[in-house]
Amino acid sequence: MSDYYGTKLRLSIYGGSHDIEIGVRLNGLPAGEQIDKEALLQFMGRRAPGKASYSTKRKESDTPVFLSGLDEQNRLTGDPIHAAIYNENARSSDYNNLADIPRPSHADFAARMKYGKDVDLRGGGHFSGRLTAPLCIAGGICLQLLQKKGITIGAHIYALHGLLDTPYPLVSLTPDLLNVTKNRTFPVLSDEAEEKMKEEIEKARLDCDSVGGIVECGITGLPAGLGEHLFYGMESRIANIVFGVPAVKGIEFGNGFACAQLKGSENNDPFILKDGVVQTKTNNAGGILGGMTTGMPLVFRAAIKPTPSIAKPQRSVNLATMEETTLVIKGRHDPCILPRAVPVMEAAAAIAIMDALLEEDKWN
Amino acid sequence: MSDYYGTKLRLSIYGGSHDIEIGVRLNGLPAGEQIDKEALLQFMGRRAPGKASYSTKRKESDTPVFLSGLDEQNRLTGDPIHAAIYNENARSSDYNNLADIPRPSHADFAARMKYGKDVDLRGGGHFSGRLTAPLCIAGGICLQLLQKKGITIGAHIYALHGLLDTPYPLVSLTPDLLNVTKNRTFPVLSDEAEEKMKEEIEKARLDCDSVGGIVECGITGLPAGLGEHLFYGMESRIANIVFGVPAVKGIEFGNGFACAQLKGSENNDPFILKDGVVQTKTNNAGGILGGMTTGMPLVFRAAIKPTPSIAKPQRSVNLATMEETTLVIKGRHDPCILPRAVPVMEAAAAIAIMDALLEEDKWN
Amino acid sequence: MSDYYGTKLRLSIYGGSHDIEIGVRLNGLPAGEQIDKEALLQFMGRRAPGKASYSTKRKESDTPVFLSGLDEQNRLTGDPIHAAIYNENARSSDYNNLADIPRPSHADFAARMKYGKDVDLRGGGHFSGRLTAPLCIAGGICLQLLQKKGITIGAHIYALHGLLDTPYPLVSLTPDLLNVTKNRTFPVLSDEAEEKMKEEIEKARLDCDSVGGIVECGITGLPAGLGEHLFYGMESRIANIVFGVPAVKGIEFGNGFACAQLKGSENNDPFILKDGVVQTKTNNAGGILGGMTTGMPLVFRAAIKPTPSIAKPQRSVNLATMEETTLVIKGRHDPCILPRAVPVMEAAAAIAIMDALLEEDKWN
Amino acid sequence: MSDYYGTKLRLSIYGGSHDIEIGVRLNGLPAGEQIDKEALLQFMGRRAPGKASYSTKRKESDTPVFLSGLDEQNRLTGDPIHAAIYNENARSSDYNNLADIPRPSHADFAARMKYGKDVDLRGGGHFSGRLTAPLCIAGGICLQLLQKKGITIGAHIYALHGLLDTPYPLVSLTPDLLNVTKNRTFPVLSDEAEEKMKEEIEKARLDCDSVGGIVECGITGLPAGLGEHLFYGMESRIANIVFGVPAVKGIEFGNGFACAQLKGSENNDPFILKDGVVQTKTNNAGGILGGMTTGMPLVFRAAIKPTPSIAKPQRSVNLATMEETTLVIKGRHDPCILPRAVPVMEAAAAIAIMDALLEEDKWN
């Protein structure tokens, strides 16, 4: 079940990080719309590693091959979209020494407990950030479709090892602001934040260490009343897919955990009329009440832990000999995945929103 | 779809807060186990309002009537559990003036946008905390079953309007500690926190206001390797149901959002041997890696916003006349739902865990 | 899982034949449409027993109580329809002697093997025709909605213990013909068939025996292209729900099993133009090709076995003593359920069609 | 949704008949079991065309490439099985003239109504018997797993254009009898039937025509009590997948439609003791009562229409010019698909049984 997401839209991701093929199937998209393939590749390029010193040196060719779902004019045929990515650069030998010594804060140990001794530990298998590439194919297509309906999704690095970017304004968030990071090589709003964060990443790299942070994602243009109460509320739908992205440890909507320190009279968002339209004066709710969108910008934040693959020696246990040992992880690793996580969050959000729109017959 | 949760276990909750009947169906529990009905009622009593000054005066009789699923000895028959709660004390007249004036930070407005003018606004309908009562029936049964397998779930008020209780220790969390709040009238670990928090709630009540907070929930005794990668990881499964509880605005696992400020070398949990068993020295992961349990205590925190129903006058818009107006909400309202949210979080967690165990054939 | 059906429409039936309450929940119907409750009760009356000598003497009050989903004007609110039927006339004592001696061709034995000794054998539990009453509530509502869109569903007794009614014409089937049985006390097209079949049933009754038969169901007004290939074709969808009706042992579409005796040149339905519209000259396909509707009338037939509850002494085995024995079933039983199965087939078909239309966004 | 089947087991089939790749994913199989790949290829060989004069000349290489799910020793890893078949011999030019003239009794017309003018008519697309190849990969694996548990599934041509093979005995069906057709080039039990049926097929071939028939499938070794009442009964589960196989127009269980001509006293299967075990004297029920297995052999029959692709000129309508026309279908076509449908029915049954066993935790 675990590689499926969605109700009306059906997303299925397959493959492991070092398999000869990984890919995605996406059922349920409406037929007819044209996809801008060049823009899709550009979107995926934002996730791809190897662009800068803050990213792994491993070169992945993320170019998707479409087996079905697109015709020769790149229009959706109504068939499931099936896109494969062929791994051209798999190097499993780097990982051989991991077989019996689980990497701290990786999925290795839990996978071994689950699957037993034969579990394929090479590169983390399914538990790899590599699978966010097919997620971005599906999400990138949804992003284009949503944009045509006036729904804009964007994200930025909200925080990186304590350094803050300018946050999205909850009430006055605009499509233009959401689009800022799509044209920057480093996905923040503020030049100053870029400079400091890059320094921090470089410092971590030199220290053979890594750093975590928070991605903030915003959505404008949503109709009010999207989502359902209880288990199919928008928070549930979004959290479900966002926690499917490796390294996410928390999610919050609107003012999120900060609401815990407020009184009702401070946290409540009064209704006002603005240009004849009902809005809320504040948007602590982050655009969701009772599981349903309010028509205000939808904003969420996801906490992303520091990459667990660090070159520093670490304590671990040899599961074959049952002795404590010191582990040194070789290979190529990101000191910080936050820049690459930004488009992944956009993709995840787009899939969740698209699914909800289709499920509730709000697409056309 | 929205009132369904689960894969192998199928939870379905029905009814609105002022309907003559609300209830729950729970398919997929193993047959044979005996339920302690007295303990179940006691568990539900922890959620019930009307016990103290910090809780709404509305008396709800939450006593469930079992239509199927339990035999005369209170053993699970293998049939779906179907329990109904009959509303004895519905008072819809208090809500009549709400029809056209949405309450700030309630579901009213979004529901009106979704369902149009005819939406039944009485008491919030489905979007009511009242539906956590059937959730507690289902969760209370799961809690008993899990306890028999050595899996203990407990929760406490971690924070209330900035005031902190003693947090659960991530590494050394014990069943005994998880059980502390089950025997206290106010669900915290520390007497001092109880006193201060109660004062804070009373202050809010006198101010016609409300306060929010954070519930922390812990689980011990889980096998390692429970949960799946991608969209059926334990974070996704738990977040999905927890966001189904009204007023939750954020969730985090382990050290959660704090991980964003750490380096990998600080955040990683080294593996060690303790009494011959592989454990982690720290538990920043909160017992989950790669979507799977690690065998360490599972800990999550949910941010709960202040009750939006406050007696203070608030700004809103009359949707019939499209004029701004001032709204005064009458009726009986909790100045703080945190104490009642504690067992609800236990129930939600129990259902998510039970579903995962059954889905992965780890029950027997 | 077993009491759920549907993808976009979600049908859930609950209760056992002698429970204090049985009922149905139906999620996913569009809001706004008005239901004719009087007509719904009349439809359910066609299924109800006790009308004639060919039917069980047990009086069931099938009057549904709507807990949610209908407003005071009997309009669909968009909420799940939840209708309960309270059993006023349960008489479980008749069944007490069945506990250890399974009735031939009943579910008793298989249920005992499944659930063990404690299985509740009273009246067959879930495996009872009684649960077709909630099916008819859901189906009756769908039938009304479909009729408003010009989709007519009707059924008749095609065969009864070898006696044949006039079959539906596969090509020229009309709504008028489908409506014939709705106004007859005995659901056949031909007066002569009625007379002979009634005699046959009376003969079976006097013999303490029962008789089986075939129900034929037709649907006109369907759009072409409804249904999907593979596992969500219209045959799969309809067969899935029709086999959920107790006593059904076979289903065929169009000319069905007769196709096995034909050549392709005989069985193929040539396309022709009729009044400028593409039709098929014959309709051996029964209105379905490749899992999709063709726009021609959809026709299927369901084989219904003779009621297994007969008053004649029968051989069985006492499962407590493990000795062969003779069983005499007391109580009130139908010598033939065919007349009552006719509206049940209409209801089942209506639910399957409604679900497919909603799933494929073909409702509006 | 339409290419998914199953609850605990999740089958997904992808690709169209002339795509560069078709394949199957199968989630949920237990890990550890070893697959005999040679035997699997042999099983698929029974479905493959091109072996004899009664089969299409088109050579398909059905050799599956396993992308995941099998390790180097051909053991199930617990990961989803993902097997691809690459189309080496696609010849779409034969089909070009079909674009506007739908073939009688093919999916062409309905697909055009569903998808509009752009629908890819080449070879039937998804609506092709070609997709039974991936079904046979999944089913062939399930067959091997079931056989290890003592559950045997076999099938034969029960009837072909009116010619009958020896039927399976409902009560005394044995694994040996079910295995007979696995070692014959023509899947019948009787030499005489083989001779006559082959003649009939050859006659149809020479006549540029085709013939239909009935496949009978039997299953021994099932535990009693498998399956659930209502919509997840064994008949529903099996019918759901069997109708996913192209050309199936009817299905019946046990004595099937013949029950319609019997009295209850004739159709009921009395319980007897045989060697201390409770059995039924007859098995008109075909091994299923109340949706659950009885422990007696499970037997069903599927009616398969004559291949609609015949070389004889046929009437059709040119959808571009809206004029009646005569269509001659070129290319290579089976005059009878019954021999190839036999292993497909075994595969379909195996998947349905495997899913039910896993769903009900009856695998281990």
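Letters A, B, C and D name the chains as they come in the text, with residue numbers starting at 1 for each one.
Simple rule for what comes next: a residue touches a chain if its C-beta (ideal position, glycine included) is under 8 Å from a C-beta of that chain, and two chains touch if they have at least 3 such contacts.
If you're wondering where the values come from, they're calculated on a predicted model, not measured in any experiment.
**Q** Going by the contact rule set out at the top, which chains touch both chain A and chain C?
**A** Shared contacts of chain A and chain C: B, D.
**Q** Report the chain whose CA-based centre is farthest from the CA-based centre of chain B.
**A** It is D whose centre lies farthest from that of chain B.
**Q** Out of A-B and B-C, which chain pair has the most contact pairs?
**A** Result: the pair with more contacts is A-B.
**Q** If you average the CA atoms of chain B and of chain D, how many Å lie between those two points?
**A** Here chain B and chain D have centroids separated by 47 Å.
**Q** Distance between chain A and chain B based on Cα centroids, please, to the nearest Å.
**A** 26
**Q** Taking the mean of the C-alpha atoms as each chain's centre, how many Å separate chain B from chain C?
**A** 41
**Q** Do you know which chain A residues sit against two or more other chains?
**A** If we look for residues of chain A contacting two or more partner chains, we find 1, 3-4, 115, 126.
**Q** Provide the residue numbers of chain B that touch chain A in the complex, in ascending order.
**A** Contacts found on chain B: 1-5, 7, 11, 13, 102, 104-107, 109-115, 124, 126-127, 131, 159-162, 204, 207, 209-214, 223-233, 235-236, 239-241, 243-244, 246, 248-257, 259-273, 276, 278, 280-281, 284-286, 288-295, 303-310, 312, 314-317, 319, 322-324, 359.
**Q** Going by the contact rule at the top, pick out the chain C residues touching chain B in the complex.
**A** Within the complex, chain C contacts chain B at residues 1, 3-4, 10, 12, 14-16, 19-21, 25, 27-28, 31, 67-68, 71, 75, 77-80, 82, 115-116, 118, 120, 126.
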